[in-house]
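By letter and in written order, the chains are A, B and C; residue numbering begins at 1 in each of them.
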Amino acid sequence: MSDPVIRINKMNKWFGNFHVLRDINLNVAAGEKIVICGPSGSGKSTLIRCINRLEAHQEGEIEVEGITLDGSLKNLEDIRSNVGMVFQQFNLFPHMTVLENCTLSPIWVQQKPKAEAEKLARELLARVRIPDQADKYPGQLSGGQQQRVAIARALCMNPRIMLFDEPTSALDPEMIKEVLDVMVELAEEGMTMLCVTHEMGFARQVADRVIFMDEGEIVEENAPEAFFSNPENERTQLFLSQVL
Amino acid sequence: MQAAVLGALLLAMVWLVANVQSNLERQNINSGFGFLSERAGFGINQTLIDYTEDSSFGRVLTVGLLNTLLVSVLGVFFATVLGFSLGVARLSSNWLINKTAMVYVEIFRNVPLLLQIMFWYFGVLRNLPTPRQAVSFGDAMFLSNRGIVVPAIEAGSGAGWYAAALAIGLAAFIWLRRRARLALADGTMMPIWRPLLMVTVASFGVAALLAGVPFSLDVPALKGFNFRGGITVIPEFVALLLALSLYTAAFIAEIVRAGIQSVSKGQREAAAALGLPDKTALSLVVIPQALRVIIPPLTSQYLNLTKNSSLAVAIAYPDIVSVFAGTTLTQVGQAVEIIFITMMIYLSLSLLTSYAMNRYNARIALVGQDA
Amino acid sequence: MTGFTPTPARPAPANTVGFVGWARENLFATKLDSLLTVLAITLILYVMKVVFGWAVIDASFSGSDRTACLKDVQGACWPFIEAKFGQFIYGRYPDAERWRVDLVFAAGLIGLVPMLMPNVGHKRANMIFLLGFYPVFAFIMLTGGVLGLAAVDTTDWGGLLVTLVVAVTGIVASLPLGILLALGRRSDLPIVRALCIGFIEIFRGVPLITVLFMASVMLPLFLPDGVNFDKLVRCLIGVALFSSAYMAEVVRGGLQAIPKGQYEAAAALGLSYWKTTRLIILPQALKLVIPGIVNTFIGLFKDTTLVLIVGLFDLLGIVQLHFTDASWATPETHITGYVFAGAVFWLFCFAMSRYSIFMENHLSTDRNGS
C-alpha cells in the first residue's frame, strides 16, 4: 500500500459536552474508495466534515496530503482546494447559474482565466451528463440534476479527494440512480473517495473498504464482501439486518 | 485584527476628548453635572409636579420626563384602541369597512408625523376661536385656541371609601380569574363577569352608604380673557397626542392585520373540524398564535411612539427634549452633558422595554421553533 | 349501451352573482353588516363633503395676495401655493441656476427608473452610474464653483431639493455602513461584535431629533478648532449614522435567512470569509431584504422633515417659513400649505410602499420558480 493521503490519528471531537467522535484512527490510500455507514447520530457525517475542517476537531491529528489540519489559515486553503465536497442538500448557490456555480472556485480561488474555467466547467458538466443545463439556475433543475451539478462544481477544483455526505438521501428514488452512476464512473477513474451513504449496492460495487460507525466510534471496517456476508460485530449485524 | 480596531477606536476617542476639552475651554463653557442644581429661571406651561421659575434644572428634567411619559402612555393607549379596531376592520368581510380602514391607513402612515403634528397644532388648534368665542359643550367644556378646558372632579373627605371599593373590585377580578383558570384544568367552567359585577356594585353601594357623595365638580367659567377653574389641557398636548395616536394607529392596524392573517386557514379549519365553535376557536387557536406575531412589532411601535413624542419640540410642548435638550441647553450651553443625559434616558426606556419584550417572547415562544 | 350526455351548466342564482350578489355578500351579509355599511356610507359622504367643499367649492384659485383668500366661507387658498411653488421646490436657489437642479433631478430619474425594474438588464452598469457617477455629478451641479458654474451656498438650498438631498444621501451612505454593521454584529470577533451591537442599539434607542441635536451642537465640539462643516453636511452625517443602524438590522434579517449550507459549500470550495460574503451571501441576502430597504427609506424620507427643527429648510420647513409672509397671512394659509406638503410627501411614500409590495410579490414568485 502506498503512502496514505489521509491520516487520522486518535482524533476526538465534542459538540459542547457531547462526545461525537471518539479515538478515530483511519488511513486512506490514494485512489481508495471508502464507504462509511451507520445509524443516524453515529458521527459519520461529522467525521468527513472534519477532513476539510468544516468542523474543527479538538484532539488528535488529521493529515491530508501531508498537510496537518490545525488552525492555520494557509493550511486550510491548501486542503480545501485539494478536497471536493458534495452535500446532502446540494447547497448550490441559487443566485448563480449552473456555469457560474462551477467556475466560482476556479476563478476566485485558483485565479484561472474565465475562459479556461468555463471550458473546464462545460467539460465536467458533460461528464456528469448535463451539458445543456449550463445557463439555467439551480432552481430550474430536478434534484438529481442539482446533485450532479454539485458534483461537477466540486470536480472543477480539480481535487484529489472527494467527500460525499449522504449525496442521495434527499433525492426521489428515480433520481438516485443517475447520481450513483456518476459516482461509480468517478470511482472507476481512480478518484480517492470517502462516501457517507446508505446505498449498500453502491458500497458492494465500488468500495474498497466499508466502515461501520456507531456512538462516535469505528465499530468495524472490512472489504465489502466480508463486511456484508460475514460481519464480525453484533452491532453491525443488527444494523445490516435493518437496512438490507 | 481586533487589537487594531480597539487601538484605532481608543486613539479616536482620545483625539475627540482632547478636541472637546480645548473647544470648551476656549468658549468658557463649564463641564460636569453641577448645573442640574442651579436655578432654572423659566416657566413651563404644563407641569405634573410642583414647579416654579425658582426650581432647578434637575427639576426641569423631571418635569420634562413626566410630560414625555404622560403623552406617550396616553398615546399608546389611544393608538392601540384605534389600531386594533382598524386592523380588525381591515379583515372585515364588509367591503366598505375594509376599504375605509385601508384608506385611513394609507393616508396616515405615508405623511410625515411632524407634518401631522404641525397640521393639528398650527393649522387646526391655533386657528380655533379665542376663549371669548369658545366652542362650548353644555357650558362645562370649552374648546378654544388656548386648548380644552374640562371640569375638574374634586374629592372631599370620604373618597377613601370609594378607593377601597375599587380595590375590592380589582382584587375580586384577579381572584375570580385565577379560580376560573384553575377550574378549567378540571374541565369545569367558572363564571367571571357576573360575580364580578355583583361584588363591584355591592362594594360601591356600601361606599356610597358610608360616605355619601364626597365629590364635587369644579366647572370652568370665562373670567376676562381666559377661563378660570377646571382643568386646562394645553393645545400643544392635544395636537401632539392626536397626531401620535392617529399616526401610530395606522402602523398598529397593519401589524394586527398581518398577525391575524399569519394564522393559516388550515388552523381555523382544524379547529372547526374538532368541533370548536367560532368564538372558542378564535380565543383558543387564532388569537394566541396571532399575538405571538403581533407583540414584538407592537412593542417596537410603542417605542417609536415614545421616541416620536420628542417631535414636541417643534410645537413647544414641554417634553424632555423641548425643555431640557432645548431651553436648558441654550441657557447653560453644556451640550455634551445635556445631550448625553437625554439620550441615556431614551436609551434606558428602550432597553427596559426590549428586555421585558425578550422575557415575554421567551415565555411564549413555540417549542421546537426558533422565532 | 348508454352514452354519457353531460348535464348542461346552469347559470348561478341571480342573487348570488353580479352587483346584487356582490353587494349581498360584501355589504349586507348580516344585520350588523348592513348597519356598518350604512354608517360607513354616511361617514364617507360626510368626509367627502368636507374635503370637496374645502378643496374645490369654497376654495380660491387665483389671486396674487391674501385678499384672494378672505371670503366669508373660505376653503383652500391655492394661489398661495402657486405663488410660492418655486420656493417650495428649490428654496432660495437662484432663479437663473435652477436648471441645474432640474438636470440633477432628471439624471436621477433616468438612473433610477431602470434600476427599479427587476427585468431590465445591465444592473451593474446602472449601479455604477447611480452610486459612482451620479453623486459626483449631483455634487458638482448643485454646489457649483467649478466648470464655470456659479457657486451656490447650501444655505440657499431649500424645499423639495433639500428633502431629496437629505433622503438620498442618507440612504446611499447608510446602505454600505449598515451592511458593515450587520456583518460586524455577526462577527466571531467579540470586540468588533460588541462595538457594532453598541452602535446599533444606541442609535436605534434614541429619537432622531437628539441625534440631529448632537450633530448640529456637539459635532463642532468634537472637531479641532477651525475645522467646521456646513450645517447641511452635519445633518447629513447625523441622518446617515441614524439610518445605518436601522439598515443594519434589516440586512441582518437577510443574513440570518441564508441557510448554513451556503456557508459550508462556499468553505468547501475554498472561498475566504470576504469572498464568501461578497460572492455568495450578500447577493442573496440583499435581494431578500429589498422590501425592508425600501421601507427603511420611506421612514427616512418622512424623517427628513426633522431637519427643520435644527434650522434647515426642507419642503415642510420652507412651507412653514412662508406662513410668516404677511402678504399671504389668511386663516386658511396654514392648512393649505400643510395639505400641499402632505400631498407631496404622500405621493412619494405611497409610491415607494407600492413598489416595496410589488418587489415582495416579485421576489416570492421568483423563489417559487427556483
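Here is the rule we go by: a residue touches a chain if its C-beta (ideal position, glycine included) is under 8 Å from a C-beta of that chain, and two chains touch if they have at least 3 such contacts.
Keep in mind that what you see is a predicted model, and the values were worked out from it rather than measured.
Novice: What chain is the most remote from chain A, judged by the mean position of CA atoms in each chain?
Specialist: The most remote chain is B.
Novice: Looking at mean CA positions, which chain is nearest the middle of everything shown?
Specialist: C
Novice: Could you tell me the distance, in whole angstrom, between the mean C-alpha positions of chain B and chain C?
Specialist: The computed centroid separation for chain B versus chain C comes out at 26 Å.
Novice: So how far apart, in whole Å, are chain A and chain B when each is placed at the average of its C-alpha atoms?
Specialist: Result: the chain centres lie 59 Å from each other.
Novice: Measuring from the mean C-alpha position of chain A to the mean C-alpha position of chain C, what distance in angstrom results?
Specialist: Spacing between the chain centres: roughly 49 Å.
Novice: Hey, what residues on chain A touch two or more of the other chains?
Specialist: Not one residue of chain A touches more than one other chain, so the list is empty.
Novice: Which part of chain B faces chain C closely enough to touch in the complex?
Specialist: 1-2, 5-6, 9, 16, 19-20, 22-24, 26, 92-97, 100, 106-107, 109-116, 118-119, 122-124, 126-127, 307-308, 310-311, 313-314, 321, 325, 329, 335-336, 339, 342-343, 346-347, 349-351
Novice: What residues of chain A sit close enough to touch chain C in their complex?
Specialist: Residues of chain A touching chain C: 52, 54, 77, 80-81, 83-85, 87, 89-95, 104-105, 108-109, 137-140, 150, 153-154, 157.
Novice: What residues on chain C touch chain B, complex-wise?
Specialist: 25-27, 29, 33, 36-37, 40-41, 43-44, 189-192, 195, 201-202, 204-210, 213-214, 217-218, 220-225, 298, 302-306, 308-309, 316, 320, 323, 331, 334-335, 338, 341-342, 345-346, 349-350, 353
Novice: In the complex of these two chains, what residues of chain C are touching chain A?
Specialist: Touch residues, chain C against chain A: 259, 261-262, 264-272, 275, 279-280, 283-284, 287, 367, 369-370.
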